[in-house]
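Shown next, in structure tokens, is the structure this report addresses.
Chain IDs A, B, C and D follow the sequence of writing; residue 1 opens each chain.
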Amino acid sequence: MNKQSLPYTIGFTFFISFLFVLFLSFAHHTTAPRVERNREVTRQRSILSALGVETSGPDQIQEAFREVKEIEREGITLFRLDDGETGVYAKEFIGSGVWGPIEGVLAVTGDLARTRGLEIVDQTETPGLGGRITEGWFKEQLRDLRIVEGTIRVAAPGEGDTDKENGKIDAITGATRTSERMGVIFKNELERIASALGVEL
Amino acid sequence: MIDQYFQKQDVMRRLIYALIPLFFFAVLLYGWSVLMQTAVVFAGGIATEYFFTRQRGKKISEAVLVTCALYALALPPALPLWITLVGIVFAVALAKEAYGGFGRNIFNPAIAGRLFIFLSFPVPYNAGWIVPASRGPQGFSGLFGTAQAAGVDTVTAATPLALLRTGEIPPLMDLFLGFRGGSSGESSVILILLAALFLVATKTANWKTMVSTFLGALTAAGAFFFGGLIPGLSPASFPGFSAMVPLAAYMMSGSILFVTVFMATDPITAPNKPLAQFIYGLMIGGVSMTVRTLAGFPEGTSFGILVANTFSPFLDEHLPAPKKKTRKIHPAGAAR
Amino acid sequence: MNAETLLNPFSLFFASIITSNILLSNFLGMCSFIAISKDSSSSNGLGMAVTVVLTVTTAINWLILHHVLIPLDLVYLRFIVFIVSIAAVVQMLEMIIDRVSQALYLNLGIFLPLITVNCAILGVSLFMEIRQYTLLQSVIYGLGSGLGWWLAIMLLSAIRKKTEKSKVSPALQGPGLTMITIGFMAMAFIGFSGMLAVQ
Amino acid sequence: MSSPKEIMRENLWTNNPIFMQILGICSALAVTNLMINTLIMTLGVVFVTAMSNLTVSLMKSLIPRKVRMIVQTLIIAFYVIIVDILLRAYLPDISRALGPYVGLIITNCIIMGRAEAFAQSNPPVLSLWDGVTSGMGYMGVLMTIAFVRELLGFGTVLGFPVLPSGFEPWIIMVTPPSAFFLLGIIIWIGKTIMNKEGATA
């Protein structure tokens, strides 16, 4: 058979493409549930972490997430965890950082008296400076912090404000701009959550 | 060949002379820290240069001394010495020797070194500003720097740019004379002006580049100020002629004048054609002020120089040459 | 969640040229960058060709992604589909330019075959997918990235021309020095970060 | 025909794809700020280079000349998609970190280059070996860059802290310019050694 003839060329190309696509779709469909589960678990892990639920391992995350209810109010999706009092609400956010968007989850109590926690999902801030928003000490500042005058103030640089009643957190040393943007994100998100819950800030 | 060699050295020597008053003033302001910085810079810079020139079988050029002097004067006085060393080694090795040594570098080594350590170590860098000696009724307080004289460890001081950002305008006379925080050698406007006069009078530096750089900076600063884009300085609170005060303070703060006089005029990294030089200057000034005002960095001059360096061969290649008499300044303009 | 709420077309355009330059901050398109940037006229031609192809392919790949791959649940095949569509677009452009104008073909067309393997083209299509741009944003992003690449290659070719005359260490001649030069360029362009951001 | 040992020496050192030809850096330089990402990424490249070399060599007599490049691209894309699917399913965090760069392995000129220059005219097993060693040469250079960047940028090696706590991280190492500088310096040093070898040999 002439391997340079047009029918062979076309036939060969089609056959090889068909074979590849067949194999790839097989590979895709066998792993698809796993990929889907990974994605879910990643998202659930962030939300739970913001809500202050300690988890480890995918199974435990999915188990713990059953307690969380997804609710939608005024077009805003919130995740509610019952704590026997006002409830705790988490909201996924995406805000503008210095280099690019900052994605994360912010959780507050139902009466908006305190924040419950913060988790950063994705960011492209300057590594070692603004990028430190993902570090434990920074996020820990938002753990059960009292919300004063409807906002969270990002004050002078430091290594973590441990006073939970002053409504203030420390900015990151050397990353003034990222810290400022975080302040803006907190303010916007608190307002959004307040309007969704119908609570005065 | 020999002629050219000596001429080059002449230029370099005159530059060093012009920097000496700035150096003494820096010692007056900050004392030992400046002496230490300078010693480390020169030792590191000369050693690095020696390492490379030895392989090429050449002598150390005097240009490296200028690089060292400019770099040392452009640093925060209390920068940790090992960081200083990293910067000068980087400057000489990568910005200069990689390109084949003296006269061939594309990027200004002193600026490249400063920017490298600024980007690497922003936290220690910004903690390196200390309180300078000040001018008072009883004369200078603390000849060797206030902090050291008072027996205190280094005290971080706010630079004028940081003050301006909070809306506070430092006294213009202090800015003019140079009694303010900042890099060791950048502060005294009057000394920089005198050095500029000396450099222009001895034809060491091109006055046109200085003017176009200044113009670029002033235009950008003016536009940002009246556009209300400078944080802390609202044009509304300075009606009419009083707007000159914050604008002058903005221009006298940071290292824009130092860079205009000493870095923008570096003939090796600047383009050769007059029109290209003019645009190059505008670019340095404009980019410096843009970065200072709009980007997340406290000072934009290093970026201004480096961006303009990047454009310099491009400008030279694509802008038209003047009709006649261009041959004179041909070989990298180093003869000026 | 979508990034579109954050980005107006204007800032996306400038960000993709300057602050998030596809070459200087995403390292893409380097092979042809290094091979070609020796002289300015071919750099110019290649830059132009990349800009055109980027704009067109990003738009076409967006349409394919949103109207074919996503509805048919075939997103996992996007690498193959994107690269084939890029190859096809390049081939078609080459044919069209050849018919339309010989001068344009010599300036632009001869660089087209190089472009299929230019990672910047595929890279922009992949970023467009990951960042979930709208069609308008994708076109702007493609155009801006192309212009940014063009600018970078023109600057570099001028610098290379100047450094070629100097006696650089033989070990560093060519690619080595080019890498260091790109390093300095990238360092200079960091200055604009924080003014505008893409992504 | 070269012996396997010669092929290895050529691909790892004297004709290293990055040193000598500066090929294929685009797709991987961006991920060299962390060693683990670089490792996974370059392992992917080794896998794709090896397998596509093998496949091209096995099928070389079947491929019509007219569509040779397209078929090669298809083969490469096929293996890249497999890598992508595997990463998504089994290493979701790294898959996220690598982002679009996995896909860009397709345009890595090394792979196409080896398929064209070697596999097209050599027997399958030798082609496989050529692919593995080319990929390893590539991996070696990039891992060196990643090692320096991670060590100085974060003070860690493969995520384990190795430097004393007083260590001041070099933030520039985490940003793009450092990758260019380091690659330039590595080429500089490598070629200097090579030139000396050449002079003595």
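Quick notes
Operating definition for what follows: a residue touches a chain if its C-beta (ideal position, glycine included) is under 8 Å from a C-beta of that chain, and two chains touch if they have at least 3 such contacts.
Since the model is a prediction, treat every value here as computed from it, not as a measurement.
Using the contact threshold fixed earlier, the set of chains in contact with both chain C and chain D is A, B.
A simple rule picks the central chain: find each chain's mean C-alpha point, then take the one closest to the mean of all protein C-alpha atoms, which gives C. Here the CA centre of chain A is 33 Å from the CA centre of chain D.
If you average the CA atoms of chain B and of chain D, the two centres end up 41 Å from each other. Centre-to-centre, using mean CA coordinates, chain A is 43 Å away from chain B. Among all residues of chain C, those that touch two or more other chains are 76-77, 80, 169, 172, 177, 180, 183-184, 187, 190, 193-194. Each of the following residues of chain B touches two or more other chains: 94, 98, 116, 119, 122-123, 296. In chain D, the positions touching at least two other chains are 70, 74, 78, 81, 85, 171-172, 175, 177, 181, 184-185, 188.
Residue ranges of chain A in contact with chain D, taken from their complex: 3-4, 8-9, 12-13, 16-17, 20, 23-24, 27-28, 31, 34-35, 38-39, 42, 126-129, 131.
Interface of chain D with chain C (complex): residues 22-27, 29-30, 70, 73-74, 77-78, 80-81, 84-85, 99-100, 103-104, 106-109, 112, 172, 175-181, 183-185, 187-192, 194-195. The touching residues of chain B, counted against chain D in their complex, run 83, 94, 98, 116, 119-124. Contact residues on chain D toward chain A in their complex (touch as defined above): 33, 61-67, 70-71, 74-75, 78, 81-82, 85-86, 88-90, 92-93, 96, 153-154, 169, 171, 174-175.
Taken in their complex, chain D has these residues touching chain B: 168, 170-173, 175, 177, 181, 184-185, 188.
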